[in-house]
Amino acid sequence: MVNLSVNLEINLAGIRLRNPIVLASGILGVSMSLLKRVEQAGAGAVTTKTITLNPRQGYANPVFVDLEYGFLNAMGLPNPGVDYFVREFFEGCERLNIPLIVSIGGGSAEEFYEICARICKCPMDAVELNLSCPHAKGYGLEVGADPQHVYDIVRRVRKCFSNKPIFVKLSATVPSIVEVAEAALKAGASGFVAINTVRAIAIDIYAKKPILSNVYGGLSGPAIKPIAVRVVYELYENFKNVPIIGVGGVDSWETAVEFLLAGARAVGIGSAVVRRDLEIFNEILEGLKRYLEVEGYDRVSDIVGLAHEVV
Amino acid sequence: MYLYGTISDVVELTPSVRLYEIKLYERISASPGQFLMLWVPRIGEIPLSIANLEDRGLWLIIAKKGRVTTFIHENFDRGTRVFLRGPLGRGFSVKKEFRKCLLVAGGYGLAPLYFLARQLKDCGITCDALLGFKSVREMFFVDEFKGVCTNVYVSTDDGSYGFKGLVTDLLDTSVTLEAYDAVYTSGKELMMLEVVNRCSRRGIRVEASLERLIKCGVGICGLCSLDPLGLRVCKDGPIFTGEVLLKLRDFGRYWRDEHGRKKSIEER
Amino acid sequence: MVNLSVNLEINLAGIRLRNPIVLASGILGVSMSLLKRVEQAGAGAVTTKTITLNPRQGYANPVFVDLEYGFLNAMGLPNPGVDYFVREFFEGCERLNIPLIVSIGGGSAEEFYEICARICKCPMDAVELNLSCPHAKGYGLEVGADPQHVYDIVRRVRKCFSNKPIFVKLSATVPSIVEVAEAALKAGASGFVAINTVRAIAIDIYAKKPILSNVYGGLSGPAIKPIAVRVVYELYENFKNVPIIGVGGVDSWETAVEFLLAGARAVGIGSAVVRRDLEIFNEILEGLKRYLEVEGYDRVSDIVGLAHEVV
Amino acid sequence: MYLYGTISDVVELTPSVRLYEIKLYERISASPGQFLMLWVPRIGEIPLSIANLEDRGLWLIIAKKGRVTTFIHENFDRGTRVFLRGPLGRGFSVKKEFRKCLLVAGGYGLAPLYFLARQLKDCGITCDALLGFKSVREMFFVDEFKGVCTNVYVSTDDGSYGFKGLVTDLLDTSVTLEAYDAVYTSGKELMMLEVVNRCSRRGIRVEASLERLIKCGVGICGLCSLDPLGLRVCKDGPIFTGEVLLKLRDFGRYWRDEHGRKKSIEER
């Protein structure tokens, strides 16, 4: 029995989401038809795979390892490049009824600007800057660990997107998340997505070799949840009013609630899809509604950041 | 992390196709149509259909195609340790009430259908098989199929053995589709398209095994997906029913390359 | 049946270990009698709890959380201070028959030096510099993330320990581990211990509060294993001849082997003690011997760094 | 992460000791002598003996001592949600062949022994209890012990009820130790030291429940350890046999404070 009066809507930097559960970048987001399926599965918003200026082939197989407590991937940001992306996503006839966040990646502020210039007219709701991929040479964390670099990129992107939200996707692998976040905000970022995968390796003891073709990959799943919750908590503690999409190891309504309490306004679903497939969206929504009801809250927004309250 | 096994035998089926008999370290269960990812350390990882599974004995049929399969042909031998991930995907669906089924296969597409034929036989369902090859030199497993099927018809493109022509021509001439409760096909996609079209025209239940680039293999990266339904070969497939396939614009037409760009199936 | 000919001995920056399994810092290392038990359990060497110049009370309870895939702790570096430590550890009658590594922590190069001055005459085999604790204000990672700082500290310590090995304990939470490691080596470090816990938080969704009294803690256990293996691999890749003690999520002989293959010369046992207690040492040693035998190696040192070989 | 429960009743046993009856959300099993860590969000976390456990019903007896226990006394009520970690440590050991046991308890040391007495009764082992309190105002649970023990003797330091004096004096005068298969004791450490000494002198099996600062509670930080054997109260204990206790230099003499410094037990 679901209490219809529980309100799951959330306002994310001005975008209205029917619920706070968002598809994370790189998960299924390579085609409109997959995003449609995710919409139908119940998501509040979806994020595309990270798009770069030029096509990228990604790394050779293996690109994915199923560990016991998480997953390792080094896809290598495969994508057809921004021009192809715009054609496929926005010139077809399918349209989403939920907000679409476009994730973009580049090696320099200039590259980010170039991409933005080509997508800013498209029917999209927000842009997400991947400044945190831990394994793509010259991209992601390699540009996102330096606050000055982050500042420059966000500023350039802001030039293009004068009135659309810009989310910066952060890595946990920096000594001070606050410094990087501050730089992004100063340059005009609207919010954060935290966190990306954590640089990691898996070696098979019988093969005696690293498994991923790229050797290095990104750890996701339950293993990184406490790290992700920490980053979200730390961001909220320092920038109370800045919206955060919490990502990392969300695989149940309980973990989703933990992120909301830590200060996330929305919660991203990534590798949980491996075990639960698209059912995960509905499972979380049902659990979340029940939790809010039992604990006596009318709106999901009421619990955002609650863990910071002193009493 | 991995499912381990050791190669117990290698059989050269044709100059470019080999059967690898593997003894797994642990028992697993799988249904025909499911596949495994075979990891060759520092060389690559490729999807392969399960050609048979009995207790801890696994059969993989590997056609030499490019980098990884060539490496395998050149380096894998009795005693080689193998690293597998899976079984992955969904296999063929078989209903208890089926009495007679038809298998239509070409090339290494024989692999999943051989496993299926064995299972059908175990369930007391009889089946016929249509096997297509380029030539008699490329032909393999005909005797194995004869061991588990009632009638086995063979075609070769050049007529060097059996019926001369495509396996779809063989289908038109040798069997009456209406005699079967279901048709299962695996092989070149354009061949399967033909089979599916023929079956659906006559209202015969049909399932086909699709191939796309498999990267993650677990339904998360989306690269293997088919438009416009967004079905993933690795998770929602690789086996799809004719009904679904006919709704897929991509079937018989497009696949995605490593970048995620749509390519004509003929460019593959 | 254990093949007696398999040789588990390892040379760690000049110290001879009967086997490569080492007790990590902060685990049981608060008294000689506990270290004796660990020696009897089979360890190749032991590390003390991190000792600071002045006594530290540590944080109030809760200081420990058992998560499903790991553990969170924020003990707060409780310790009686270096003077008390020296009295208790070295002026009693008990002596270890295996190497003793003393872990020390401080807020400045001066403080590190002060501690060293008071322990350098003690019967110990190596010193470990904790430059990586993720939750003690003014200590650990707060000084260890900056290569210059690391350089200064190690240099100061080297002044005291002219001929004993100095291990630097690293954190995974820096964008470039290589930079920090390089600074340490330039200043005279003998080897590395990698990794310390990873900054994290756990919130209980019914209490709606962070669990640890300090809010922030360090994640250990299986969850961080792929991250730790990555750091070890990265260090070995860059500094092939520098000995590394790999730590993080070792809870079986298989994980121990993974670390050795990645390039660790020794492997530290931390929170695995929670589930396996002291049996873990013997379990790992037995498994390791069997593995070496089956895979055809005579010496454990033969497999150190094997995963880096090209063929 | 936590074991949850809701307080179903609070009973004021004395002005400074309360019984909290808790309904757990799930069933757990524990043996007498084991303890739980009670987490009071943003206030603290403290070790408490299990005073009884039946199905999902848990009893905790809490003496007001310092910061956390005072908070509990002042704020916990029927309906309060509680957060628990455990059961932790090793409980008392009871042998099947035991016929008659003696319990010697003081103050909130009654808690684990009450749980034990109930279990002994269920096993058909009879037992007597010696309960010591400061005064009649501090006395509690005497009737509960009477419900499960054959003879219950009470002492008060000031003689306001029962025997006047220490519970060890009561022991010397009221019972013959040789009559018991085992003696179990819980309370002030110096009292337990006396009990252990008396038993070991006569070769009577004895076990005592120790207290030290508990931080991690799972045997990893080492803070609760006892020299020279390096035994941990939270993991190797809190119950130790007399044999082991007499080998422990620290028993009755030293504990470690938050810094890990040894302090005289009298300074506690």
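We just call them A, B, C and D in the order they show up, numbering each chain from 1.
What we mean here is this: a contact is a pair of C-beta atoms (placed from the backbone, for glycine too) under 8 Å apart; a residue touches a chain by one contact, two chains touch by 3 or more.
Here the structure is a predicted model, which is why all the values come from computation and not from measurement.
For this pair, chain A with chain C, the centres built from the Cα atoms lie 33 Å apart.
Centre-to-centre, using mean CA coordinates, chain C is 37 Å away from chain D.
Centre-to-centre, using mean CA coordinates, chain B is 51 Å away from chain C.
Residue positions 42 of chain B each touch two or more of the other chains.
Shared interface positions of chain C, i.e. residues touching 2 or more other chains, are given as 67-68, 202, 206, 208-209.
Taken as a graph of touching chains, this assembly forms an open line, each chain in contact only with its neighbours along the path. Of all possible chain pairs, the ones that touch are A-B, A-C, C-D. Per the touch definition, chain A reaches chain C in the complex via residues 67-70, 72, 141, 145-146, 171-176, 198-203, 205-206, 208-210, 215-216, 219, 222-224, 226-227, 229-230, 233-234, 254, 257-258, 261-262, 291, 295, 303, 306-307, 309.
Chain C meets chain D in the complex at residues 26-31, 33-37, 49, 55-58, 60-68, 73, 75, 78-81, 84, 88, 94, 202, 204, 206-209, 211, 213, 271, 273-274, 277.
Across the complex, chain B meets chain A through its residues 1-2, 4, 37, 39, 41-42, 44-46, 81, 83, 85, 214-223, 225, 227-230, 232, 235, 256, 258-262.
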